[in-house]
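Structure first, commentary second.
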Amino acid sequence: MSQVAENQSPLQPSSQHDEVVSPWLDAWRKFRKNKLALFGAITVIFFIILGILSPWIAPQGINDQNMANTLQAPSSSHLLGTDDFGRDVLSRIIHGARISLWVGFLSVVGSIVMGCLLGILAGYYGRWVDTIISRLFDIMLAFPSILLAITIVAVLGPSLQNALIAIAIINVPNFGRLIRSKVLSVKQEEYIMAAKAIGMKDSRLLMKHILPNSISPIIVQGTLSIGTAIIEAAALGFLGLGAQPPQPEWGQMLAESKAYITTAPWTMIFPGLAIMLTVLGFNLMGDGLRDALDPKMKH
Amino acid sequence: MLTYTLRRLLMLIPVLLGMALIVFFIIHAIPGDPAQIILGQQATEENVEALNEQLGLNEPLYVQFFSYLGNILTGDLGESFQTNNAISEEVWPFLAATIELSFVAMLIAIVIGVNAGIISAWFQNSWFDYSAMLLALIGVSIPIFWLGLMEQWAFSVELNWLPSSGRENVRDPVEPITHLFLIDTLIQGRLDQFVDVVRHLILPSVALATIPMAIIARITRSSMLEVMKSDYIRTARAKGMRMFGVVYKHSLKNAVIPVLTIIGLQTGLLLGGAILTETIFSWPGIGRYIYGAIDARDYPVIQSGVLIVATMFIFINLIVDLLYAAVDPRIKYH
Amino acid sequence: MKKWKLAMMMLLIFTLSFALIGCGGDDDESGNGSDEEKILIFGRGGDSVTLDPAKATDGESLKVTANLYENLVTYGEEDTSINPQLATEWEVSEDGLLFTFKLREGVKFHDGTDFNAEAVVTNFNLWASDLESYYYYNSQYGDGNNGTIIEEVKAIDDYTVEFKLTRSQATFLQNMAMDSFGIASPAAIEKYGEDFKKNPVGTGPFKFEEWKEEERIVIVKNEDYWKEGYPKLDKVIFKPIADNQARLNALFTGDIDLMDGISYTDIAQVTSKSEFQMFERKSNTIGYLGLTNTREPLDNKLVRQALNHAVNKQEIADAFYGGYAVPAINPMPPLINGYHEGVEDYAFDVEKAKSLLAEAGYGDGFEMELWAMPVPRPYMPDGRKVAQLLQKQFEEIGVTAEIVSYEWGTYLDKAKAGEADAFLLGWTGDNGDADNFLYTLLGKDNIGSNNYAYYGNEEVNDLLVQAQTETDTAEREKLYMEAQEIIKDDAPWIPLVHAKPSVAGKENIINYIPHMTGNESLEKVDFK
Amino acid sequence: MTSILQVKGLKTTFFTDEGNIPAVDDIDFHLDEGEILGIVGESGCGKSVTSLSIMGLVPNPPGKITDGSITFQEEDLTKASEKRMREIRGNEISMIFQEPMTSLNPLFTIGNQLIEAVKLHEKVSKQKALHRVIEMLKVVGLPRAEEMVNEYPHQLSGGMRQRVMIAMAFICNPKILIADEPTTALDVTIQAQILHQMKELNRKRNTAVMLITHDLGVVAEVCTRVIVMYCGQIIEQADVNTIFQSPKHPYTIGLLQSVPDIREKRSRLFSIKGNVPKPGSIQKGCRFAGRCEQAHDRCFAEDPPLYKGDGQGHQVRCFLHESIEEAHHVEDTITSP
Amino acid sequence: MSKTLLQVHNLKKHFPIYGGILNKKVGEVKAVDGLTFSVKEGETLSLVGESGCGKSTTGRLIMQLIEPTDGSVIFEDQSLTELSKKQVRLTRERMQMIFQDPYASLNPRHSVQKILEEPLIVHGIGSKEERKQRVKEMLEVVGLSSYHAKRYPHQFSGGQRQRIGIARALMTKPKLIIADEPVSALDVSIQAQVLNLLQDLQKKFQLTYIFIAHDLGVVRHISKSVAVMYLGRIVEIADSETLYNGALHPYTKALLSSVPIPDPTIQKESIPLSGDLPDPSKPPQGCAFHSRCEACMDVCKTQKPTLMEVEKDHYVACHLYEEDKQFNDK
């Protein structure tokens, strides 16, 4: 013992004062340095705040019609103009932020939950479970996703909630596959072997080692998917299969104002820009998260 | 290689069967009576009933499924409820329209996307890199239906440069041979029509190309960067090779593999995902064909249409997988 | 440096693409100069389903066949009066059971065969032989028991045909003029069999040339047309463009000459441009908000009346029909014989509505679903928007309406099953007769069919049934007026507007008169 | 013996987010014609960066040569154009790397990659180049050379690939071969083969070899002269026998003693305490002072210079051996130009 | 004599190779093909061999981390291959493993505290406080400081990480430690530290080691006995001194003479072994080594030699010595 202690005093004296850098802290530091990602995060937060505070900051309500004042060009009283009901476009976009973000977020959470469940089952248990689930994913991916969403909405009936469900379903295989492959690769990692070697139960292994180490790609993919989900919701809204009027969902706003593209382009341009900016925000943020959390992951 | 191909083909069977099953049951779960929809709002009850009988929709679902499956296996895709035409004969013009559009869109996406990706990787952190990648990010963030409308507005309505919809000049329609108009017009030596077809293609194909272009550019860049860091690139440089050779000979071929995957996936997505673009640009393609059929509850058309698209998707990806083997000798299929 | 080569290539690509964009930017001439062929391109929302008019159930099919076929009698250019076409004159027996038509001589089908009495007999017998396929024949001349009210069609001589009925039908001639009953060449029917729907042969001003599905239908001038000097056009192309906006763009870029189904919101755009004009189609439609009479609280007449008072119809007409609609009072458009001018509408009066609600026991209002159709219909271009306006107007009287929409087929199914509270719907007249509106839509017998509102007034039903067999025109009109008065009071619907689904076209188009049935022959249409 | 390569005051710095890290910090050495110079050190000591600096292949960004000169045949490579460097690389100075598995492009045949190496520097027909390639492959002891030119890297074992790399390096008859840990990834039996091969080629073609390794056994077996590096600096330099028989720097001594020897079983290995300091974390003073048993105050305060010259070129960077310098100072100044 | 702690008998692991249209099994790699050996308490047995010889697989087989195709592993008189999954898990309290790659074998998202106390949690040892205490102790034992417990693996150098790995293996006070190439990823000076630590710990806790390595120098230094493996089989097994001074198998001899000796005065000119390791899925007929063996005889090409005791406690699998043996037996 004495011999051991004697030979082992190998650390530099300064090291005691090193701060503890957890992987999350490390990731945050990297993220913070990425200007584009930060810009994305700020955009996203901006829209989130817009969504949360919409009842208070929007100059008008969702459905404050003014038929005497329709299709007004942007002016000081209506910064982004009015639509064909004389409603303030800006207010509707602000209210719409809540809907779009909510749909994006909830549907992605739904996809993640379902995808995780199936992906873990497939990746961890392998064999026939894997075969069945993987084939199911193959089948779902072979469907053109928007067509699948349209069909699901056709079955359930057009509404925002059903659009959300449809979007959640069509994105399940993306997450399922991701998690499955992550589980498979994490399973090969030496620290998993090490954890097994200390006599760990499978369930604990899954919860304490495999899942936490699969989480960062899920976060990254999840962030990016919120963007996609918002576009998908807008597309369904655009086709009249998503949010129902007078809900100011952005895609549905586009559908409603499509006819005015030449006479009142602002009714068309601004909701489209809102979608694009929000999605861009999520994409930038997702990219930044990827670089920070999981530099090895591919685009 | 052959065995691998065969094995992959064999693996398709359960996928296609599963697909047929799922399509069938989802579609039959859609509420609404096809006969009613075919006959319209003003139809009488008896007429509806009679049509249901005639279409075989009174049979139990599983009977319908197996007869449908049996028909498909014998190559019979069924008849459209709406037009009573054999789908196998009816579908090709639509499919051809989509194939032509997707092909051109993919061509644009690949040519611009790959080159932008290479240049970005080559001049990493240059202004070109930054702006190209920001554009690519915007590209994946744009709702394409919105982009399509904006294009129409700008180039067709306001500037009147390009036609806003359709595939050809209606006044001087193309005589279809293959239904791929670019080819048909060339076969017939109608250069004026060819130009016209190209002009019709520009707006929708650019809208459709946006997302894959952006994705391809991003993947090409990151994959190039990764390859350029690899040991064998260092070896190539240690041999005294110049950067251009290194990039175009050694890096590109290696970087192309992930790009190939994406191209495969995206092409598949384009085929089926063109619904929105096709709607906006009145492109008589398969997406609209199926979408219209959903509206009309034209079961055989939806089933067969979706199956055709999915099969194409699967085959394109199979081809991509086989292309890997051509590019990458490491993938030796036993 | 190879970098330069790359840059040069890029430059080349860009130049090429600009060249492509540039060329043809100015070639939007319609090609309708006097020395050239006169080609009219008609843009519309959807493709035809069949070109056999007798089998067609959709307007887009009949829009084409109206130019290929002719009937024994036809409607007036601007109304639904009965005029000779292939029949030059006709007689009706006293009891209304025997119709004798004198046929026009010297008319030939497009395939060169003669039009004669035998051809008429063949057509009518064919239709009677398969009531399932010949849908309109069944609905107009069927007796409801898989039989038909036309007992026999007989060729008296080459150019005389006699129809013998089992019971008198007030609308017999009115029906005869429907586009569905165009006379086809028996030889062609024989020759093409199942494929006849793709190879139409009639006697009309235009001959069929080509049908490329979802792309175009081309019909060309019938050089042997019996009406001297017609048609004026050499060729008409029907081009389906589903999206309204895209269709309008196509009009503006010169890809098409005429378009129907223009969004009412776009009319201003057309009228503001001197190169374009609007053609107004007389209304043959009713757009209404059905109030399902069996559902609480809409089963209460006072509530229905209150809702009627709450709606500002003019606002709807202005906002979503661009003025191309008139507020509706009765369940049928004013051009129809038997329309009751004297019925007074429920005034737009919020206070009145509130007091009626209070009287009905709903002083605090109530909640209901407000269904809006997801697809544009001729009688209502944008149901969701109308619904939003209605929602707002109902809100004024304390009624909270949630807008619900289903996919179109489902929508009809569910509404038919009585699952809707209030629902937007409408109707386009088939044959320009009051029966086709009042009985079809509000007869108790039609509950579960087209009486979506579940309006079950026995008295009204009796009046309407009685009118069906009444051959005296004045007597008939009286019956219908009586029914309209009762209906107004019962308020099973809120009749909203009679839309005038208009057509936009190039300024140089002349003699185009859109018919209220939605389909018209283009024989007189010409370019300036 | 004439020096073919002269490195003076070379400094290569990596500019990273964590600060500027001098991976190679002011090193001087020379490589003589036909000799095998060993550069030993633990990971992160800068030995690989040294070789990349000579080749002009330091990844930039983040790395950059910030000071010093590399004189190859009277030409300063740090000032040479990229075009000139390309002419030199593979032709005058070639290099082989640690990982034979990843150093060959997996998508091209062996023949293709070797022919490319020839054609980059000489105008010969493809046929002739192929001929040269096959011959070279035979020289490095690959028996099936004719077939092998049509094979892909993944079809070969690690040892064979490293031979291919050697063939590629020697095919243009370079004056210098830089071998960066060429056998580390290989099994001992294969290592023996490869080392043998390199020695053979060195002897036959008189190519100077710079062998970078962490394995003292390999150094003893192959090299004629040895440089020991620590934290970006040269700390000891001498001919191979001197280093192994009378090492002077405490680090060299410790390193030699920590190697478990196959010939005898020691009850206990000597071990150097502590860890290699993180790059960039070096404070002033001797870089080894923190781990040195004999360190005294001065070691922590002052950076010792490289004391040169006991006549046999034995140089040590340690205050303990200051005396060498003094004793031979005069002689040193006379011999050096 | 101390008692035998671990006995391995005829241990096999064959990995199937799939192929063909239906993805059927078309062959197998005999990664481990009939190993028999035993280890006594407190001793160190080393498994050496070149890459792909099956030594790491053997380690994992002993731990029951992968399921053997055949054979038995008897640990403390308990046949592990016959135990249920759960029972196997419980034996790991007394049987632990150290891995080659100190970067990969520590979960990057867990702090050192979490990593070290995990074995205790898994086996339900001690209260939270006790566990914390033990982590501190163990960190000191392996030469780290207790304040390191809060840090994450990426904050340590390679040598320190390997110490953490060792500490983790020791947490449950095991009897047997399987060390899979524990020092091959480390620098020479650090390697010596870790080897010394392992030796000290062995003395302190009476540990038994199975030491898997490819570096013959390291092996000689640490082991009591050594088994040399080639293509899934043991070719020679003996007491370490015997083996290093009097190796019998041609492969062992070649291996030993391939090791570069840090002494420039010794000049070797010949290469001890030519050729490459054969493809493990298609090993040569007969003795797997015959394709590279200088002393290859006809019999070697057809018959697999068996492991025989040629001298006392010195087993060799080579036809060269079979005759001697047979002769001796007669």
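Every chain is named by a letter (A, B, C, D and E) in the order it is written, and numbering of its residues begins at 1.
As a convention for this text, contacts are C-beta pairs under 8 Å (C-beta built on N, C-alpha and C of every residue); 3 or more make two chains touch, one makes a residue touch a chain.
Predicted, not measured: the structure shown is a model, and the values here were computed from it.
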Check: Between B-D and B-C, which chain pair is linked by more C-beta pairs in contact?
Finding: B-C
Notebook entry, point to check: Using each chain's Cα centroid, which is most distant from the centroid of subunit D?
Noted result: C
Notebook entry, point to check: So, what's the distance in Å between the C-alpha centres of subunit D and subunit A?
Noted result: 50
Next item on the list: Using mean C-alpha positions as chain centres, tell me how far subunit B is from subunit C in Å, no decimals.
Entry: 37
Check: Can you give the whole-Å distance between the Cα centres of subunit B and subunit E?
Finding: 54
Check: Any idea how many Å lie between the Cα centroids of subunit A and subunit B?
Finding: 25
Item checked: Set of subunit B residues in contact with two or more other chains -> 30-31, 149, 152, 157, 279, 294
Margin query: Residues of subunit E that contact two or more other chains, please.
Written below: 159-160, 193, 196
Note to self: Which positions in subunit C are in touch with at least two other chains?
What the structure shows: 245, 406-407, 410
Margin query: Under the stated contact criterion, what part of subunit A meets subunit E in this complex?
Written below: 1, 3-5, 7-11, 16, 18, 20-23, 26, 189-191, 193-201, 204, 208-209, 212-213
Notebook entry, point to check: Hey, which residues of subunit B end up touching subunit D in the complex?
Noted result: 229-242, 250, 253-254, 327-330
Next item on the list: Please give the residue numbers of subunit B that touch subunit A in the complex, ascending.
Entry: 14-15, 18-19, 22, 26-27, 29-31, 134, 137-138, 140-143, 145-146, 149-150, 152-153, 157, 215, 218-219, 222-223, 258, 268-269, 271-273, 275-276, 279, 287, 290-291, 294, 302, 306, 309-310, 313-314
Note to self: Residue numbers of subunit A touching subunit C in their complex, please.
What the structure shows: 63, 65, 67, 70, 84-85, 153-154, 157-159, 240-241, 244-246, 256, 258-263
Note to self: Which stretch or stretches of subunit E touch subunit A in the complex?
What the structure shows: 60, 63, 65, 89-93, 96-97, 99-101, 104-109, 111, 118-119, 122-123, 140-145, 147, 150-152, 154-155, 159-160, 165, 168-169, 171-172, 193, 196-197, 200-201, 204
